[in-house]
Amino acid sequence: MNRSTLLDLLAAVERGDVTPQAASERLANMPYEDIGHARIDHHRALRNGLPEVIYAAGKTPEQTAEIFARMAAAGSDVLATRVDLETQKAVKDAAPGAVFHETARAMTLKQTTQDGPKGHIAVLCAGTSDLPVAEEAAVTAEIFGAQVTRLYDVGVAGLHRLLSVRESLTDADVVIVCAGMEGALPSVVGGLVGVPVIAVPTSVGYGASFSGATALLGMLNSCSPNVTVVNIDNGFGAAYTATLIARAASGAR
Amino acid sequence: MNRSTLLDLLAAVERGDVTPQAASERLANMPYEDIGHARIDHHRALRNGLPEVIYAAGKTPEQTAEIFARMAAAGSDVLATRVDLETQKAVKDAAPGAVFHETARAMTLKQTTQDGPKGHIAVLCAGTSDLPVAEEAAVTAEIFGAQVTRLYDVGVAGLHRLLSVRESLTDADVVIVCAGMEGALPSVVGGLVGVPVIAVPTSVGYGASFSGATALLGMLNSCSPNVTVVNIDNGFGAAYTATLIARAASGAR
Amino acid sequence: MNRSTLLDLLAAVERGDVTPQAASERLANMPYEDIGHARIDHHRALRNGLPEVIYAAGKTPEQTAEIFARMAAAGSDVLATRVDLETQKAVKDAAPGAVFHETARAMTLKQTTQDGPKGHIAVLCAGTSDLPVAEEAAVTAEIFGAQVTRLYDVGVAGLHRLLSVRESLTDADVVIVCAGMEGALPSVVGGLVGVPVIAVPTSVGYGASFSGATALLGMLNSCSPNVTVVNIDNGFGAAYTATLIARAASGAR
Amino acid sequence: MNRSTLLDLLAAVERGDVTPQAASERLANMPYEDIGHARIDHHRALRNGLPEVIYAAGKTPEQTAEIFARMAAAGSDVLATRVDLETQKAVKDAAPGAVFHETARAMTLKQTTQDGPKGHIAVLCAGTSDLPVAEEAAVTAEIFGAQVTRLYDVGVAGLHRLLSVRESLTDADVVIVCAGMEGALPSVVGGLVGVPVIAVPTSVGYGASFSGATALLGMLNSCSPNVTVVNIDNGFGAAYTATLIARAASGAR
Amino acid sequence: MNRSTLLDLLAAVERGDVTPQAASERLANMPYEDIGHARIDHHRALRNGLPEVIYAAGKTPEQTAEIFARMAAAGSDVLATRVDLETQKAVKDAAPGAVFHETARAMTLKQTTQDGPKGHIAVLCAGTSDLPVAEEAAVTAEIFGAQVTRLYDVGVAGLHRLLSVRESLTDADVVIVCAGMEGALPSVVGGLVGVPVIAVPTSVGYGASFSGATALLGMLNSCSPNVTVVNIDNGFGAAYTATLIARAASGAR
Amino acid sequence: MNRSTLLDLLAAVERGDVTPQAASERLANMPYEDIGHARIDHHRALRNGLPEVIYAAGKTPEQTAEIFARMAAAGSDVLATRVDLETQKAVKDAAPGAVFHETARAMTLKQTTQDGPKGHIAVLCAGTSDLPVAEEAAVTAEIFGAQVTRLYDVGVAGLHRLLSVRESLTDADVVIVCAGMEGALPSVVGGLVGVPVIAVPTSVGYGASFSGATALLGMLNSCSPNVTVVNIDNGFGAAYTATLIARAASGAR
Amino acid sequence: MNRSTLLDLLAAVERGDVTPQAASERLANMPYEDIGHARIDHHRALRNGLPEVIYAAGKTPEQTAEIFARMAAAGSDVLATRVDLETQKAVKDAAPGAVFHETARAMTLKQTTQDGPKGHIAVLCAGTSDLPVAEEAAVTAEIFGAQVTRLYDVGVAGLHRLLSVRESLTDADVVIVCAGMEGALPSVVGGLVGVPVIAVPTSVGYGASFSGATALLGMLNSCSPNVTVVNIDNGFGAAYTATLIARAASGAR
Amino acid sequence: MNRSTLLDLLAAVERGDVTPQAASERLANMPYEDIGHARIDHHRALRNGLPEVIYAAGKTPEQTAEIFARMAAAGSDVLATRVDLETQKAVKDAAPGAVFHETARAMTLKQTTQDGPKGHIAVLCAGTSDLPVAEEAAVTAEIFGAQVTRLYDVGVAGLHRLLSVRESLTDADVVIVCAGMEGALPSVVGGLVGVPVIAVPTSVGYGASFSGATALLGMLNSCSPNVTVVNIDNGFGAAYTATLIARAASGAR
């Protein structure tokens, strides 16, 4: 159901062709498919610009596989995040075309086509241990149609590494920065660019890193005003918002 | 100093007209004005797209007034946030053209002109008590040249109030949502729109709101993936990033 | 022992048929059965309206099985929560009639009968991952004699899913809402109904969800005044109180 | 607007007497009165059973007084909580009939009548210092039409004080228990009664009471399953839900 | 080395029989046996009244066994706490006479004799899950020579269970109370007795019990002034101090 | 009412001279005096060994003064803690014989006599800023009849200060140690003595002392097993328990 | 008393000229001056290299003034930190030669002389609001005899400001870095130098800066391994340790 | 690349032999070796005095082994920390000369030589369980060329153990103190010496030790001003900074 079929329905109510009760029922039931343990939102892209995504961490392999297959059957691009090895097998069985991205712990199925990338996103991370989060962001942005530049292991303790890739930042419409420990990288990057920076704290560290809480707090207190923050290890969320920003900046919304 | 004068300088080094030592010194010292207690960054707009802003909370009235006057003298638009009444007087004395926004606790001096607004930002807040933060965001976005739509007191406990302003959200390039207590509004708004939502937790509440920490945590865990978050009460930061997004979306970057 | 036998005993003291020392001993010792590692309270329903329930998480399978069997032998309905697979086997051996509810991680033995359900409880949850908690609540309410309506996967990020089941809420005497992450659902539901809402934060989420603490804090700060809160993942406690409310509302107390 | 006028409006759409656009506008705008800084929800009692209440803590005296006067003009009972002395004066000027309850820090204006109390609520507190919270609960329950029994200074360190008022608890439909420090009272009370107990942690205490957080946590972990919890010092919220429960239990919903 | 040999040494210095350098060396080196990974304090009972105890949790089985055997060889009573199964075997091999207390996770070797118990300690716990901590306390007190009365599963939600054992409390010189969840039991017990109560929070509970932190905080805020507190699950420490108190109260110090 | 009058009453019930209803009422009402805002427990010393104490912090000056006067009239020794200057005046007016201890912020009225002190308590503090807490402990112990030795400013950073007063510790039946900041003093003292050490964390410090929480946590983790802990700044509670211990140790219980 | 007089005393004991009892007393009492509320450690410089310093925050003006005067009378250099205006006056009266450093909130009295500075310390701060802490560090280092280079307002969001002062860092033996908010500056500085960096978190910031806790946590997790950390706002402690390092590095220990 | 080759390059730009573009590229790329998942900083010793170190905890065995081998090939001394058994094997295969230090969980490869140790570091720990952290510190300091004195199991509860090793502290240029639980040892040691003390909180303890957070907080609040702190269990970082201090103190920088 899209905006025009919605207007058709309301016009039918006005004409008396459809009773208010019937219209109400159709409106209530159509936007999602109820499969018992979940209500799949096939029309999310209509309302929100990007399709629904499967967060596999809280689901059984069977639940994830079933939802993946239903969405694949509906013809849209499909993305599942936080996919472990057992879930990966179940999805492969249910949707053989799905691709597993090991470092990113994600599965994708690309079924639509587009004319070139919509916007440009730079993904940075501070250290090798931040790779899973950075890759979740990169894979997410790519399945949503953005161009991604990866710039890894550029933490602030060796500032020359960051400064040496500074040029690569200038073309990005938006920058995603993943860092654990003290989480200082987004502040420094924020001061180097003139576009939004989305900071992703990672759970990398030990002791008083408190599983990423320290990096999170640091990023929220960034002295660079172009920094906004998402949840710890939430590479997906950062890429989702970055895609919306990059798409709009490239005139492709 | 802008990018072309920078290239001129480097070319001069190549020609031998300027020694590396001299070039180094100029590059190091030019970008800011050292007034003892602060180093004013007059060229920030060149690097970062938007001018430096004065955060008055940590400064004496005299310090704020002096920095404000120096920036005014440089001809750029000036914004000071977290301005109390005593500081407001000191700034007025130093820069008579400055305007005080009482609810927003901000002062502005508009000295540049532009052809119409660059992008469109909707600013929402959940309750009356969130107004100071929402207004800080709105005033910031306006001095930076964006069009702002204010939608206040639309908290989720009376959902009909939010749904009744839903149409006003559709034109925005980005939405800023300010809320205290449980901080649920950004998740609901995030599900209604297809653009980035910047969530601003406010320190409104009591007891287990822990001065905004609860709202902050809630927003970081939003189930709407288009939500990013800034620090508690940081209306300014939200508006700064929103301006960058809206400006790019409107093709005005 | 119930209220009338208690009065009999006190009257016997008045008549001199029972010495104060003897009466004291009987009053002290009768209300529970001491089996060494536990004191089983067979008369709890007399004092508190509902029978004692076995929380299996902190007990060995043998301890749980023994308590279950003793309560079964006493003829009352029996409920054990947080039952793992090993404990489930031990209970089955000790009380063959017991039923295992896998998703709810609960075991029940229904031995009493009643004339139709006492009151009506709606159980909602925000996402698929909240099912174990929601089912613990539903199974508890059912063993205690209430009618339960399950409404699952209706989180606030896709508001139309919640609004589509709104009618199902109108008949409930009380609503239980289970949600993790930001825990926003109870506030929204609270604004839609005129009955008490019992919010159950779940440990669903990651990073700054802090194993349910964020959802808990959000629910405690709900802007809907008809929301009260129980411990993280405490579906049992929510259902226990909801049963008391629904029973009284239906005139069945 | 009530349910029947809503059905009239929808029927008018069906007949073509009202266009969908016009109906949409009326539905969107009618439920509240927009006075700039707030949207007053005059029809809340229709949807939620109890009228809207003014939380004065986050508002200027003028804002509170204006909202109070508007609601008074609408003919409903009015309650404002967290009223300081300055606000009290402003409200008195705007609504001379308003009554100030000093210990409860609340103002009430009773304009409707009812046939006897609807349900019975017992309000307990552990110590003298908990009185403001307990009184906020009692005053709230009374303006909403419930009968209230006050039982104060019955903390668990002197158990005989609680046991001596045990009889007074037996008639209550629901019990509100306010306690600071270790917050143990609700667990003990919960074991003595067969009705719901709403626990209100208070900010009474020092040091490791952390302004009520310790009492809050204790209550959430109560071993009595009939205990639910509200925010620290939230006497109002406890009484609001208790009123709904007591009203239903008395058959008066 | 005891007090008198110490005085002898100092007198020898005064007489010139021992040089200050030599005396210093002897005083420095005698009080402990250095076995590389540990310095065993064989003379602790001289200084502190009770012998050193082995906390096995942070040691390898071999380290624990070696220290246990050395202390056994010195002829004193030996106690090791937090002993897992692997460590238990290693100790048995090294000190065949050692006894393993499974629930308490402790090992003891009794080598000294005394004339009857020194003082009387009551050990209470709120629920079955608190048994390991309560037994650690009981076993510790017994190896140190006190008489112990165990009163288990007497939590406050069923107050009659506690009141029924009230008589058993009257003879104790000191009471140890172990409780998890909300940790309310020590406050209630504290109000019933006239002797010191040592509260031991346990890590029993889930969700907002935060592994015992909630019980700990509750106990620290007890409204009963005769309650002091030890670390979470620290049954040993409670019994150590209780033994000192009971011993002194019985005139046996 | 004491134990014998209680037995008289129960015998009267047995004889039929008193009805159970009448006896119940007398038992319920006698143990305290209900003055509206408080229930004064005049018989606490009978049950708990020491009289009730007034915690003035949460009470109005009038409330404290009234309770103080009532207890004075009953003839017992009276102690009020956390007395500010305004309350001090109100108490002086109501009970002219009361003595104000300025540093301790306490008021005492000694009305009973005893034959020499009952037990010996040493009170230590780490620095000058801990004096108010240490004095609250000392004044409390003295009004309860113990002998007190004050040893102040003996923090661990200058160990020689502590070692120089070591002799003074040897006669104490129990030691109270007050310390803020890192709270290390109780561990060191605990290793020097063979009696119980009651640790009182103080709110002295700044930054990461978190108003005494750091000292509290440190003391709970003391490696000296004879250390138990009370709430931050709770000099009163430490002295209350210390008095019970010292009294028993001196054979005076 | 210094090391040689100590040896003399011990030799006297050996010779029998001094009894052990007498020696013990002299050793115990000499190292400090007991003035009732404090034990002044006049010989601290002998043991620890630097003299005792007065922390005025927890003391009355009179206490601080008395201690200051006593130390001044002893001829050593005197430093008092956290001096408010009232205390400043009291000290001036007691020690007219004392100098007040307003921004640093410190008072100094220089009475000794030295041949040129001992070592070189660079003190950096991120923003204008960090000045009080940075100045406390600078004043402390100077009274202890080090050369100090101040480099203020060089936060990481405008990296060019820091890079422009990079040369000034190269001569320092140790660097003190004060920063609030996200506390990222020490990590970046640590990567630029080859000497120890002492990080001082400041309480500058708002919301999720939690009064400096966020900066503290960030610094503890620094990815630069030459960073150690002191308490929030503890400029004094940083300078104390820095002085020891710089003095040793300059060969002046 | 070192400082002189850098000057050569800049001179070449001045002469026109190298274009600015080419120089920029060389400067950007030379300081590290990009191997995909990491950028190895072979020239770190030039800038920071000590070579880069491999933190293995966040890396796969293959990643650690590859980085180790690359650094070994470059001829410098190599240190890897937090090496588990699987990683140890992979490194052994890649760099057969590497030595595994089991207690320290570290691997070293010594390839350079020096004339005797540079400075002297004492490493203390409070208990046997702190050994892994203390050994990580000791091994790190030794590979960096310092002389190390190990003083283990000298916790404050048995003060005589610490005092007996006091002499061994006097020669150290800097002291590292590792302690868990209450973390009191650094304060006591800080008062005994006149050199910097670097405190390392360890995660040793249980319950309210909160995995080392309590020890960390205690150390940050140390009343000894010569104490600075590193992250929990960060023996490496303590030794890194200690090496810089000791090296400078010995005149070997």
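Letters A, B, C, D, E, F, G and H mark the chains in the order given here, with residues in each chain numbered from 1 onward.
Note that contacts are C-beta pairs under 8 Å (C-beta built on N, C-alpha and C of every residue); 3 or more make two chains touch, one makes a residue touch a chain.
This is a predicted model, so every value here is computed, not measured.
Which chains are shared contacts of subunit D and subunit G?
Neighbours common to subunit D and subunit G are A, B, E, F.
Using only Cα atoms to place each chain's centre, name the chain farthest from subunit G.
For subunit G, the chain whose C-alpha mean is farthest off is C.
Once subunit A is fitted to subunit H on CA atoms, what angle does the rotation have, in steps of 5 degrees?
Value: 90 degrees, nearest 5.
Of the pairs A-D and A-C, which shows more C-beta pairs in contact?
When the contacts at A-D and A-C are counted, A-C has more.
I'd like to verify one number: the distance from the centre of subunit E to the centre of subunit G, where each centre is the average of its C-alpha atoms, in whole angstrom.
Whole-Å distance between the two chain centres: 42.
Calculate how many whole Å lie between the centre of subunit D and the centre of subunit E, each centre taken as the average of the chain's C-alpha atoms.
49
Taking each chain's centre as its mean C-alpha position, how far apart are subunit B and subunit E in Å?
Centre separation, subunit B to subunit E: 59 Å.
How many angstrom between the C-alpha centroids of subunit H and subunit C?
Chain centroid spacing, subunit C to subunit H, equals 54 Å.
Would you pick out the residues of subunit H that each touch at least 2 other chains?
As it turns out, subunit H has residues touching two or more other chains at 127, 158, 191-192, 207-209, 213, 216, 220-221, 231.
Which pairs of chains touch each other?
Every touching chain pair, ordered by label, is A-B, A-C, A-D, A-G, A-H, B-C, B-D, B-G, B-H, C-D, C-E, C-F, D-E, D-F, E-F, E-G, E-H, F-G, F-H, G-H.
For the complex, which residues does subunit G have touching subunit H?
Its residues touching subunit H are 47-50, 53, 173, 191-196, 198, 216, 220-221, 225-231, 236-238, 240-241, 244-245, 248-249, 251, 253.
Would you pull the subunit D residues touching subunit E in the complex into a rising list?
Subunit D residues touching subunit E: 126-127, 155-159, 181-184, 187-188, 190-192, 205, 207-210, 213-215, 217-224.
Quick check on the complex: what are the subunit G residues that touch subunit F?
Counting only subunit G, the residues touching subunit F are 27-29, 31-32, 37-39, 41, 44, 57-59, 63, 201, 203, 211-213, 216, 231-234.
Give the list of subunit H residues in touch with subunit B in this complex.
Subunit H residues touching subunit B: 10-11, 13-16, 19-20.
Where on subunit E is subunit C touching in the complex?
So the residues of subunit E touching subunit C come out as 127-129, 131, 152-154, 158, 160-161, 163-164, 204, 206-209.
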